[in-house]
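Going in written order, the chains are labelled A, B, C, D and E, and every chain counts its residues from 1.
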Amino acid sequence: GDVGGGSVGGGGGDDDVLKIGFVSTETGSSAPFGEANTYVIESMEQWFAEHPVTVDGAELSVEIVVKDSQSDSARAGEVAAELINSDGVDLVLTSSTPDITNPVSEQCEANSVPCISTVAPWQPFAIRDGDQPADLKYSYHAFWGLEDVSAVYADMWGQVENNGKAAGLFPNDPDGQAWSANFPALTEDTGVTIDDPGLYPNGTQDFSAQLSAFEGHDILVGVPIPPDFTTFWQQAGQQGYQPKVATIGKALLFPSSVEALGNAGDGLTSEVWWHPTAPFTSSLTGQTAQELADQYETDTGKQWTQPLGFAEALFEITVAAVQEAGSTDPDAITGALSTLEVSTVVGDIAWGADDSVPPYVAKTPLVGGQWRLDEGADEGTHPYELVVVSNTLAPEIPTGGEVEPLR
Amino acid sequence: MDWLNAGVQGVLLGGQYALLACGLSLIFGVMRIVNLAHGVLAVLAAYLSLFLVQQGLPLWLAVVVVVPVFAALGYAVQRGLFNPALAQVRARGAGGDSRGGGSRGAGELAPLLVSFGVAVALTSLLQEVFSADTRRIPTGDLASAGVPLGPLSVGLLPLITLVVAVAVIAGVQLFLARTPTGRAMRAVADDPGAAALTGVDPRHMYAVATAVAFATLALAGVFVGMSTQFSPGYGDLVLLFAFEAVIIGGLGSLWGTLAGGVVLGVAQTIGAQIDPQSGVLAGHLVFLAVLVVRPGGLLPRSVPA
Amino acid sequence: MSVPTVPPTGAPTITRGGRGSLIGAGGLALVVVLLAAVVPYVVTLGALSSLVMLFALVILGTTWNLLAGYGGIVSVGQQAYVGVGGYALIQLADAVGAPPWAAVLAAGVIGAAVALPTSYLVFRLAGGYLAIGTWVVAEVFRLVTMQIDGLGGGSGLSLTAFRGTDRVDRVAFVYWFALALMVAVVLGTYLLMRSRVGLGLTAIRDDRVAAGSLGVAVDRGRRLVYVAGSAGAALAGALIALSTLGVTPGSIYSVSWTAAMIFIVVVGGIGTIEGPLVGAVVYWALQQALAPLGTWYLVVLGVVAVAVVLLAPRGLWGLVAGRFQLFPTTYRVRSGRI
Amino acid sequence: MTVPLLQVAGVAKRFGRVVTARDVSFEVSAGEALGLVGPNGAGKTTLLDIVAGTRRADAGSVVLDGQDLTRLGAAARADLGVARSYQVPRPFAGLTVYENVLVGASFAGRRHGGDTRDRAWHALEVTGLAGAADTPSGSLRLLDRKRLEVARALATGPRLLLLDEIAGGLTERELPQVVGLVRRLRDDGVAVVWIEHVLHALLDVVDRLLCLAAGEVIAQGDPHEVIRSPEVVEVYLGSTVDSVPGESA
Amino acid sequence: MSVLEVTGLEVRYGDLLAVDGVGLTLAEGETLAVLGANGAGKSTLLAALAGTHLPAAGTVLLDGAAVTGMPAHRRVRRGVALVPEGRRLFGSLTVEENLLMGRYPRRPGPWDLRAVYDVFPHVAEMRDRRAAVLSGGQQQAVAIGRALLANPRVLLLDEVSLGLAPAVVTRIYDAVRRITAEGTTALVVEQDLDQALRVADRVQCLLRGRTVLEAPAAGLDREAVADAYFGITPDLRTQEN
């Protein structure tokens, strides 16, 4: 036989089964990202059991193989290779943080298997070495970019009187690098200059150097990991640094991390990539965003999180692409993805439609939000609420108020 | 002014490291165990306190509960896991039954690997129980409160942490230096076999040492839990800093550990003041520099060859 | 002048390994032949990729055992060289354009070249100090790497040299190459330990001062071990990068590599050539079998580590093998005298 | 016996306040045995360390056969023919007795050429350890450990042999074996320096005696004269005066 | 009633039977010297009496109560104190702290710090030094002092002269004689026959783990004892257990 001919390879296997591989993050430091994945994968398995995918009149049963990246990029690449080469999946889904999406996409490129990824701004996904987007043939990414974040941020900052000076709190990780490399130029046009004292390593325990450099900056912007932001924000309080508006990516993503800030989380702003009030519905289940979020809260008892919609969207995209391709052949799926248009629970997604991004990137709508503390919240309900305060980029998503300056 | 501020903040940071390092130093000094589970155990203490606080206990009462619980846990862990592992170190040291294909047994690595196993398993168990979400022990306004100190403003919580660290270290140091039990503990550290000949049960004494270490670690865990957001894996992030504090200070010297924590803290803040990217790196470089100049640490209690 | 005041009486028979060892070695050779000539044709490409990880683990375990088990240098910082190897591979293959096999070997050489000056720092320390010191050195490597823009900073690098190659060719190449490398490393370690140098190294491990008084060049010996062990870690790092097609500083410089090495060596049986082989297979098999359990996988891993140390202190190999050695390094004296 | 094999001149060494050697000088020729006595803590072992190169002196020189060893490390000196035993034995616990001795024969012993294994075996036979060749050295009892110390040193085929308390704890009947071994070595042309508190054994074989107290040579020369000198009687052999080492510094 | 009574004691290291059916009795205030060649099993016997290496068979009665399987640290509290081979002081503790470790079992009795300093006046002078920097002879004195502070019923001394300068040996044994003269019951293992015969009331000779000679010390011939070491004196009253 041939080398590696022991069993199916990628794209092989039964023609009446759609085998989806999912590299999720269930353990390790990024595990909160994976919680929504786990929930959606389970409900999708039920859904597909009752609703097989119909392709050209033939019914495909759907099988989902999940592997845990353990929050480690080497492990992510390893399990992606296993999914492709041992499990023989037809395509690979993955999400959340470039540390995971990029190695998975590399494996898919090397093994000629389609890969659909999300929950990572497109710049750190696309730009892997040097400053040019990589030339990817099998990877398709759906998310927004830093130009969108900066526009949203600028709009939010415009709602609060400020001196046009912003302090940048960027870590030395893929997100921080992308933020610090792109943000200053992007916000300059809006009259805000960002002072970036340099990328600090994750896990930094003392931010007094940053705090002394930040004095006199009305705006704080950054993408720290949650523990680092808590450390920073507390030390800011202790050492008397008080910006008018603080817009923080990543660290404020999950309600639990905002809750962990105590009262100090009130009024912090952040980009919002998915919100239950958005007027979108799932192309698979027909659930609205609100229904999906409510269902999640009922089933898990936890507050809804933004990755939820995107986990759902990954499956919507998959089914649409396979139907468009008319088969599970990897090249056919890749071909279908390159021009795919689909309306998902996170909004309209279309590849090849936007010349300002690489052809394998499809952008999703982005708005801005502010965390508001509900002082009178009952025991057992969630004390913080995320209110949409900026929708210039996606007017279809309704706002719930204006940015209030920090107290 | 910035430099002064950086220095002061560094000292406060050092207090945090020293508090965490105190138990590490005790275990390292008495048993030569490099306890890799120290960080995650501190996190466990934080979770436990948080749980109690969520049950409605005031924080001080939670601490009063958690510290003795951890002392008991330390006693049990030592008797159940570390003592058997240490027995192998000694078996190897005495040559013991080393007959056979050159295989020498885990030897001095046994405690290291046991603590590693505990760390890995415990981290995952914590995640299973508490999920990977980040938490914090609520402190009201304490966490972000500052107190003016001359021209500077320093955090109240870090100040309290430093004071507690100094108090704990002084207490443990006094216990070791002045009480018969402390003396017996040092004797066991020198020669457990000879200590047994004076009526000390080395295994019990080791367990007492670990109990004390765990009590201090629980306290450190509570302070970690108040001052930052923690998740099951958070312990690894600060474990190395605590080790550095122990080693800079020198084996077996708790005052050294405090000094080590402060040196490391100041190195990090001053380093960050020079270049915000390099705070942690500067701490590491100062650590290595100290070791190059004084391979025994700053204040080693010179232990005989 | 010299000793022989008593005439040689009843010269002893000195043997190293017996028939058991020969049979065992034959068995091992057979396994290697099977791995080289049969396995690739009967398993999936995915299985081959994960076997590459097994081979890398064997190299990691074997070289860490060289360090700790034979050299007495308990380094917790070998991830420094895993990282150096990974980055060197990608730079050589992508930026310089070296063929992958040459890039891997060169990564090993670079690892050795970095280890040599580092050893002067590390050797000032001993015991727990050395363990923590090496860990800090590895952190310094990671932090410095993260500050070099050319190395991708905190994001790391992707390996692009393989883009466009046929995947079967790629997987097959990496597989055979890793297999050959593993065999070379294990055999090389064995021959080293069997040689006079190996005897000297064991003496250094047991008592440095006494070894010195008997003419063993202690510093040179330890340095040799450190440099060779680090070169091995760098080779493994290069293989890992080759197989995962990229590196990120957090992952390739992760202390979990060293944790894996310690697990492999101690669980397998330290101070033997066979131990790390057994340990690597156990570690890899646990990973393969239990990874779907998510969190519980690590719980099991931790419990296995504790259980083996406490219940089988000489490791799994010590448990099954007793006096038997597949790779005989010790001498047995059958005295001519009574 | 014209040019001494070993020339130690003006050696000084202190640990903090404790002086363990102050301007110590002595010589030993090939085929000569020098006994080294003195109160506990006088600095005998330290002096041996300095000659063997495991410790560096603060001042002074060590010359072997006209070659200055002062800057050489222990291994280099072993290569030149200096061998020693340790007062507190230091076996390679992970190796068998035979392998322990093989280390001596394979490194410093290599300069003799010939078969390493034979040399190792002879050293075992001479010291009466041949029967224990396969025993893991870690499980030897104290006396056999001391024997192993001597065997390892012999396996290097030394020109200068430094022995540190190899007779302590032996019975009256065992002592003559040790004495005989030292005598044979000396007669073969090896220079021997032997530290020993078991005086009658020492006096049986040494050609000269040197007495050290608090780091200073207080008597040197004919063994029986040295042993009768008042200072030696006072600080070493027994009188009311308490010799507190280092204290006189 | 005898303070210590041992019958049929067997102690093993793996397959090796190091002490093979030894019996002995120690009356109050008596000093017994145990003699024998290297490896005869003397230290092993003491280890079994002190509880650092538990016997495989036989009984050890202390004041009539069985302590055979009791670990060392509990046996000290009952009054068995061993001065081990090689002194084994706590190097990082001061001399006085080392002595105070002897007080750990808190047994009442005549020995306190003052009494020990009286016997070893030179030790008093260096009470604040770390034990590690003492010379061998000084260490030996501290080790004996430490054992005395436990106010033992039985003091076990294992080759306390090993590696000591002649002057020191004399002084140490002077002290031992003074201690036993004050009524402390002692069991002494000693290679130096002259010293042993001078300090002991009775001697017991071991050969390969068995008792080969038991006799009062007074008038005993050195040569006879030495012969017994090697089992070449059938005419002496030997006792096989």
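Basically, a contact is a pair of C-beta atoms (placed from the backbone, for glycine too) under 8 Å apart; a residue touches a chain by one contact, two chains touch by 3 or more.
Since this is a predicted model, take the numbers as computed values, not measurements.
Peer 1: Just to be sure I understand the contacts, which chains border both chain C and chain A?
Peer 2: Of all the chains present, those in contact with both chain A and chain C are B.
Peer 1: For the pairs D-E and A-B, output the one whose chains share more C-beta pairs in contact.
Peer 2: Of D-E and A-B, more C-beta pairs in contact link A-B.
Peer 1: Among all chains, whose Cα centre is located farthest from the one for chain C?
Peer 2: Most distant chain from chain C: E.
Peer 1: If you average the CA atoms of chain B and of chain C, how many Å lie between those two points?
Peer 2: The answer is 31 Å.
Peer 1: What is the distance, in whole Å, between the centres of chain C and chain D, each centre taken as the mean of its C-alpha atoms?
Peer 2: Using C-alpha averages as centres, the distance is 41 Å.
Peer 1: So, what's the distance in Å between the C-alpha centres of chain D and chain A?
Peer 2: 74
Peer 1: If I count partner chains per residue in chain B, which residues reach a count of at least 2?
Peer 2: In chain B, 97, 99, 102, 104, 124, 127, 277, 280-281 touch at least two other chains.
Peer 1: For chain E, write out the residues touching at least two other chains, lowest number first.
Peer 2: Correct list: empty.
Peer 1: I need the residues of chain A touching at least two other chains; which ones are they?
Peer 2: Expected reply: 27, 172, 199, 201.
Peer 1: Could you please specify the touching residues of chain B with respect to chain A in the complex?
Peer 2: Against chain A, the touching part of chain B is residues 2, 5-6, 9-10, 13, 16, 124, 127, 131-136, 138-141, 143-146, 152-158, 227-231, 233-234, 237-238, 241, 265, 268-269, 272-273, 275-277, 279-281.
Peer 1: Using the touch definition from the top, list the residues of chain D that touch chain E in their complex.
Peer 2: That would be residues 15, 18, 37-42, 87, 141-143, 165, 168-174, 197, 199, 235-239, 242-246 of chain D.
Peer 1: Can you check the complex and tell me which residues of chain E touch chain D?
Peer 2: Its residues touching chain D are 37-39, 85, 122, 125-126, 133-138, 159, 162-168, 170-171, 191, 193, 226, 229-230.
Peer 1: Can you list the residues on chain E that touch chain B in the complex?
Peer 2: 14, 50, 52, 71-74, 76-77, 81-82, 84, 88-93, 97-98, 100-105, 130-132, 146-147, 150
Peer 1: Quick one: which bits of chain B touch chain C in the complex? Just the residue numbers, please.
Peer 2: Checking each residue of chain B against chain C gives 28, 32, 34, 81, 84-85, 88, 91, 99-110, 112-114, 116-125, 127-128, 236, 240, 243-244, 246-247, 251, 277-278, 280-281, 284-285, 287-288, 291-292, 295-297.
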